[in-house]
Structures are given as structure tokens and as C-alpha cells.
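Have a look at this one.
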């Protein structure tokens, strides 16, 4: 068994440098790599480009890095649930590249799977299509989109084993699964790290070959943005 | 819950006609849709185009359809473990389109996911690339491949529920997962059909939305092509 | 005239047995409450669930189980979870039968604008461009006019587009309309609303043929 | 001179700790038997398993668990199963570290032909074109000459190609060679084989620099 475990978040982020491009899993605050984000904040890594569906909230998730002006550019589909984000964007301190969510997901998946480019109908006829090749298939217009390139992908899983195999829970799977293996180095943090053989090989969401480093995360807050309940 | 169950293989194959294009899951004889193939043979549906990684053996799998001259064209990556196949191919009775296995899989996946075309390095510089657009990405040449179009996909799963959710077992997942939802109508046969809620929603391989009809298969032979054992 | 709930209630009648439906944020979210009990419908949320159930009780709340509006939800029997690529594969591959979403503007050619107002803070298109770029059956839920009383049903969109020639039906506080041959075709009036009022509130070309019935909720 | 087992044994020395390896059918399959016990290596089979184990005992045989050669296999602890798209995603995305496969011809520019002989029954390329199209580290295992004694290491391939400029290393019954600057560079001789014999059996340009050591198995 090829072991992917590292002892802690410090080792997991070895090689992280200013100016790099990172992918970060999660949808809103659901399934975000909390420990890796904390460590990026602690190390004060700067001039980062972040590929992440959202940008966190003021005091959590990527908001922690925004607050310290660590992020140069966000590549996202939906942002701004975050006053500091809005301020930096309007002042021009922060570059923002907004792209359709499905295109964001597929550009990650393309990077993971060695597909350099693909056609999609999303964004045709809008400013998203500007400068992109257009082509009709079956009479329907599409635009050409390319795979992302990133230095590190930070993902968070529910369970993982020492071989790097990952299992996600519920809707926390989201971009975590498609970013695994989509960057040069994939760092996975897990709520529960187990021995190889403990996870059923038939129900692995992401095989270990897509993960370079795995570690046991701790102190998960798992914040809820919109707690909505019904009467029981 | 939207119900996808049909009572039997006869109902499952309703609408199947001569001259159609079918996708058939399986790798070798592993995970092939045995019941749907039997029914196609029984009905003597002719002039079929089959998208299937392999072509069965003389007396099983797609070999059953070949024997009765039901197949007009095979789109596969590896064929000919089958004397009748070889005879028909050499005599010109059978058209054969050989394509790289990964391209075969990705063209199914593209159809499933609404991606009309994508670039891949596989086959560049070979006869597979003839007539196809070539383009460099990062200095590496690629060719453009398009999504498949098919009328029916016949897949076989280990377990399924009445909502059409599928779970595969071991290496029988192969093309069954990528063909689900890649044709106009997907027909899934399962070894064990259960009630919705019995399968863990976190470990569904193919959500029911990709499946139009599901039925309980029977009499699975699950033949082994190369039984290879070690001394215990 | 309908309120937001009324719009949702009218749209719910367009939801047919066996439909997989994607609901946008706002009025569309309310549609789920009005779908008939005797038909089977499944709701997809693009963050990775098919078979969304009602909001959870306090005890059921799970941070790992939310919808695209980031609200806590539950899963129905027969539900499934998947990653974002497969989720948009469902959408792009036209496996979802109906998409209901809001809009700032709709034009008579079927164009829609709902994500950006130049000069204002832009939050992003989320999954909207993927949805309108692929769905074959798109219903727009919106108010017929904006707060200043200006029509939102236009000859041509003035705001940056979300998608082109994609909208098939519009349900507003005043009317139900289809897009037919590059025009708005009036199908139903909201209770108590006259054809004249609808004409006045519609900047785009409006086809009015015969008697326009009042909608039945 | 090496037999097939010897070729596999020599190639096994190229397999490094931490490698994910895809083995082709034939000689490459034998490589697994000779990999050192003190390193960790995982074998991928393109039909959808990572972490292939030894052949099963009679009791363990499972029709749903085979390798790309359709042989029954077992799964090691830490193994995973996946579909064909993800399997070739691993290959195309260069997540597999080493590919070992057979060939009918290899040319000094790194081209390889191993799937088709015109006029003969063609079985297909299987996953070979995907593997050679993407892998960065490809070792070819083959006999130096064909049954008629003709060299299989050529200036230029005569058979339909499987891939272009992709082969990095070749291990034959006679020698170990790298492709360097569009030529075959001789690195090692098989036991008892002279440089002259290798030269004679190699149609392509051969670089011979200094003393060529005999290989150690």
C-alpha cells in the first residue's frame, strides 16, 4: 500500500508559496477544508489565486484569507456573502473571475481527467463567451472551455484511509470530489482517518491515486449558513 | 418517488426497433446486461449498431446476436475473441469501428453529461486521428472527439431501487456506469431490486435520473472468460 | 394580481407527474409547497442532491446536508448525493425536466438577464447560465414590472444576458405568457387583472388572441 | 539472452517505491511477480481497479472481479473500484506513474506500433492508445527481433502506429535501451550478449558510448 499520510497540517502544506493557484473544495461553508484554510491564514501566504465556488463569509472559510489580504484573485461562480469581499472587489484590490458553476465543476473534472478542453452550451451569448471559440453541435451553439491549472487542491472528506482513498458525506461532496487530482498536489483533510481495508473498495468516491497527502483534521466547526428548520 | 420499475424484460425493451444504435455495458463478459441481450436475440432485432467495449464470445454476450446476424456495426475497443465475429468482419458482413478504450468511455460520459465534444491525446498521429481536428494544448497534440448518440443504453447493476438508483459491484461497474443516461432511453437490469430508501444515498453510483426503466433480472450466468487461480 | 406565493402556486400547476425539477432561489423555492400530492416529483439541487425533502426538524439538522441556497434540508427515500460535475452533467445532459428561476428581465426572443447589474455589486451567476444554457423547459417566475413600475418583459434585454433564446414560459404577478415566434403570447390573466393592464405593463410585443381566461389556482 | 521471464525480471527493477503501475497483457503481466517486497507499488487495471492483488484461490473467485486480460483477480487492502471513464481519467490525467506494455515495433523517435497488422485480423487497440498517448514513463517489453529474425527496433515504424514519440525505455531479450535524441541509446547488455549482436539486431540508429555493462537481474 502506498502511504499518503502526513502527520499534520504543517507537513500537509509543505511547498505552499506566495503567488500560487489553489483549488478549494466546498459549497458555501459546506465541506470546506477548514484546517488547510486555517494553516494558509497562519502562514500568511499571499497573492493567492483561489479556484473555489464561493468565497466564505467574513469570519470563516476563505473570508479568513480575504481579511488578511492574502487573496489576489478569486475564480468562483457565486461570491459576496461577505462584506470584506465586496469592499475589496469594489476597490479593485481583489480580482474576480466569475464563471458558470457547471463550467467551474467541469473545468476541474477536466484537469483531473487529462481533458485539456471541452465544449459546453453554458454562457453562450453572454459575456462569459467573450474571446472564446464558439461552435455549433446539432445546431446548438457551444463555447470551448479549458481545464484549470492549479498548484495545490485542498479538499475535505468525511473518511479517508492511509492510501488516500476518500469518502464524502451528503452534499459536502460537491467540488471536493472534482478537485481531487485536479492540481499538481492534492491535500485531503478528513474527519476520520482509517487503516487501508476499512473502507469498502466498492464505495470509494475518490481513489487514493488522486491524492498526494492526507491528514486527520481537527476542531471542525462545520458552520451552517442558513439554518432552516420545520416544526417537528 | 418517481418509479422506474417495469415488470419484465419485455416491457423494458418496449420501443426497440431494427436499425437502432445501442450502448451495452460490460467489459468482456463482466457486467454485461445478460437479460436484455437475450431479449434482443429472442426478438431478432436486426441491423443494430452496438457501442460496446467488446463483442462477447461465440455462444454468450453479443456473440448471441452476431450468430444470428443481428449486428450491422460494432463500435468497440477490442473484439474478436469470437470466431464468428472474425468471419463476419473478414467477409465484410460486419462493419467494425475500433476506437481507443478511454475515448470510448469518455464519449459515453460526454453523452451522459451534455458535453458535445472534447479534446484527448489518445490516438493522435494514428489512423484514429484521420479526419479529426487536431490542436495543441501546452505543446502537446490532441484530437477532438464527439459524444456518442444512441437510442438505448442497456446496463446491468448489482443492486438497484425502484427510483432507478444503481450500485455496481467490483469491476462490473466499467462501462455500465458511463453508459447510464448516455442514450435516449437507459434500461437497467439488476441482480437485486430493492425499495427506495434501502440503498444509502451516499453510495449510489448512478442516480435514478439517468435511468428510464429498471427491472429485476434473472438466471445470471456471469461467465468467467479467464478463470485464473492460485494455490490456496 | 398575484403575490409571490400566488406566482409559485400557479407555476406548481406546470409541474407534471414524473418530473425532475430544479428550483432557483426566491419565488421558485416556494413552488415545492404547492405541488399536488398525487403526483411524483423529485427536486434536484445543483450542489449535489436529487430527492430533496422538507426542511429538517431541529434534531435532523446536518451541516453536511444543504441546498443550493445554503439552507439545511433533508433527503427523501430514494435520494442520492453526487459531486458537482455529475450534478451539472444532469443539467447539461438534459436529464432534468423543468427549471424554474427568477429574472430581472426577459425578452420576447427568449433571452434572459438575471445575474448582473452593471455598476452594482455582482455576486455571480452561480448555476444559472448552465441551467438556462441546457434546459429545454424553463419557466421564469417574476414580477411583471420593477419597483419603479417599468416593464421587465422587454423587446430586448438591456442588462447583461444569462442566456439566449431559452425561456419558454413566464409567470408573473399579472399573467401567464409563452414565448411564441419571438413574441409574448398572453395565455392567462391573474385574478382581477385586465388584458389592458397587462398590455400596459408589457414593453415587448404581446400577442392577444381571443378571450384570455383568468387563471385558476 | 533473456527469456520472457527475464525481461519481466529486468523491468521490475524500474518499478520504484510509491509507483502506480499499469501492466499490459503478455510479458508486462509477469513484471508483478518480480517487484521487490520492500517497496510499495500499486497496480491499476484499466477495466476499473486500483490495488490489484494476486490471483484468487478457488474459493475467492468472483466473476465481478477481473483484470484487463479478463483473468480473475483479487483486491488488496486499500483497493478501489471505479468506472471506465474515471479509470482512463487516471491514465489520461497522468496519475499513473509507469506504463509497461508490449510492442510489435518501436522506432528511434519513440513511435510505437502494437495493435494492427494490415491484412490480418485486427482485434483492436483496447486501452493502448490512451496509455501511450498520455503516460510520461513508458517501458516497452519485447523481443528484439521477430520470429523471422528481423529487427523490431527500427528507424521508423512500418506498421500502423499506436502512438507517437512516447516510448522512453525498451527492455528486450538482448538489451536495455533508452530513446535519446531520436536514437536508441544502449544501456545494458543481456547476460552473454555482445554489443555486436545487439548492433546486428537493431535496424535503428544505435548509440553505444563507452563500456556497456551486462545487466544485473
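Read from first to last, the chains carry the letters A, B, C and D; within each, the first residue is number 1.
The criterion applied here is as follows: contacts are C-beta pairs under 8 Å (C-beta built on N, C-alpha and C of every residue); 3 or more make two chains touch, one makes a residue touch a chain.
This is a predicted model, so every value here is computed, not measured.
Asker: Would you identify the chain whose Cα-based centre sits farthest away from the centre of chain C?
Answerer: D
Asker: Taking the mean of the C-alpha atoms as each chain's centre, how many Å separate chain A from chain B?
Answerer: Those two chain centres are 33 Å apart.
Asker: If you average the CA atoms of chain C and of chain D, how many Å lie between those two points?
Answerer: It comes to 55 Å between the two C-alpha centres.
Asker: Roughly how far is chain B from chain D, going centre to centre by Cα mean, in whole Å?
Answerer: Whole-Å distance between the two chain centres: 28.
Asker: Considering chain A alone, which of its residues make contact with at least two other chains?
Answerer: 106, 113-115, 120-121, 168-170, 202
Asker: Chain C: which residues touch two or more other chains?
Answerer: If we look for residues of chain C contacting two or more partner chains, we find 49, 75, 81-82, 85, 88, 91-92, 134.
Asker: Answer with line, ring, star, complete or other to describe the graph linking chains that touch.
Answerer: Drawn as a graph, the chains match no named shape, so other.
Asker: Which chains are in touch, pair by pair?
Answerer: Contact pairs between chains: A-B, A-C, A-D, B-C, B-D.
Asker: Within the complex, which stretch of chain C touches chain B?
Answerer: Result: residues 18-20, 40-42, 44, 49-51, 75-82, 85-86, 88-96, 134 of chain C touch chain B.
Asker: Name, in rising order, each residue of chain B that touches chain C in their complex.
Answerer: Within the complex, chain B contacts chain C at residues 1-3, 111-115, 161-163, 165, 181, 195-197, 201-202, 204, 207-210.
Asker: What part of chain B is in contact with chain D in the complex they form?
Answerer: Against chain D, chain B makes touches at 27-31, 53, 76-81, 86, 89-90, 98-106, 108-109, 120-128, 158, 168-178, 205, 222-232.
Asker: Can you check the complex and tell me which residues of chain B touch chain A?
Answerer: For chain B paired with chain A, touching residues are 106, 110, 113-121, 135, 137-138, 140, 142, 146, 167-170, 202-203.
Asker: Okay, in this complex, where on chain C does chain A touch?
Answerer: Touch residues, chain C against chain A: 45-49, 54-59, 61-73, 75, 81-85, 87-88, 91-92, 111, 121-130, 133-134, 160-165.
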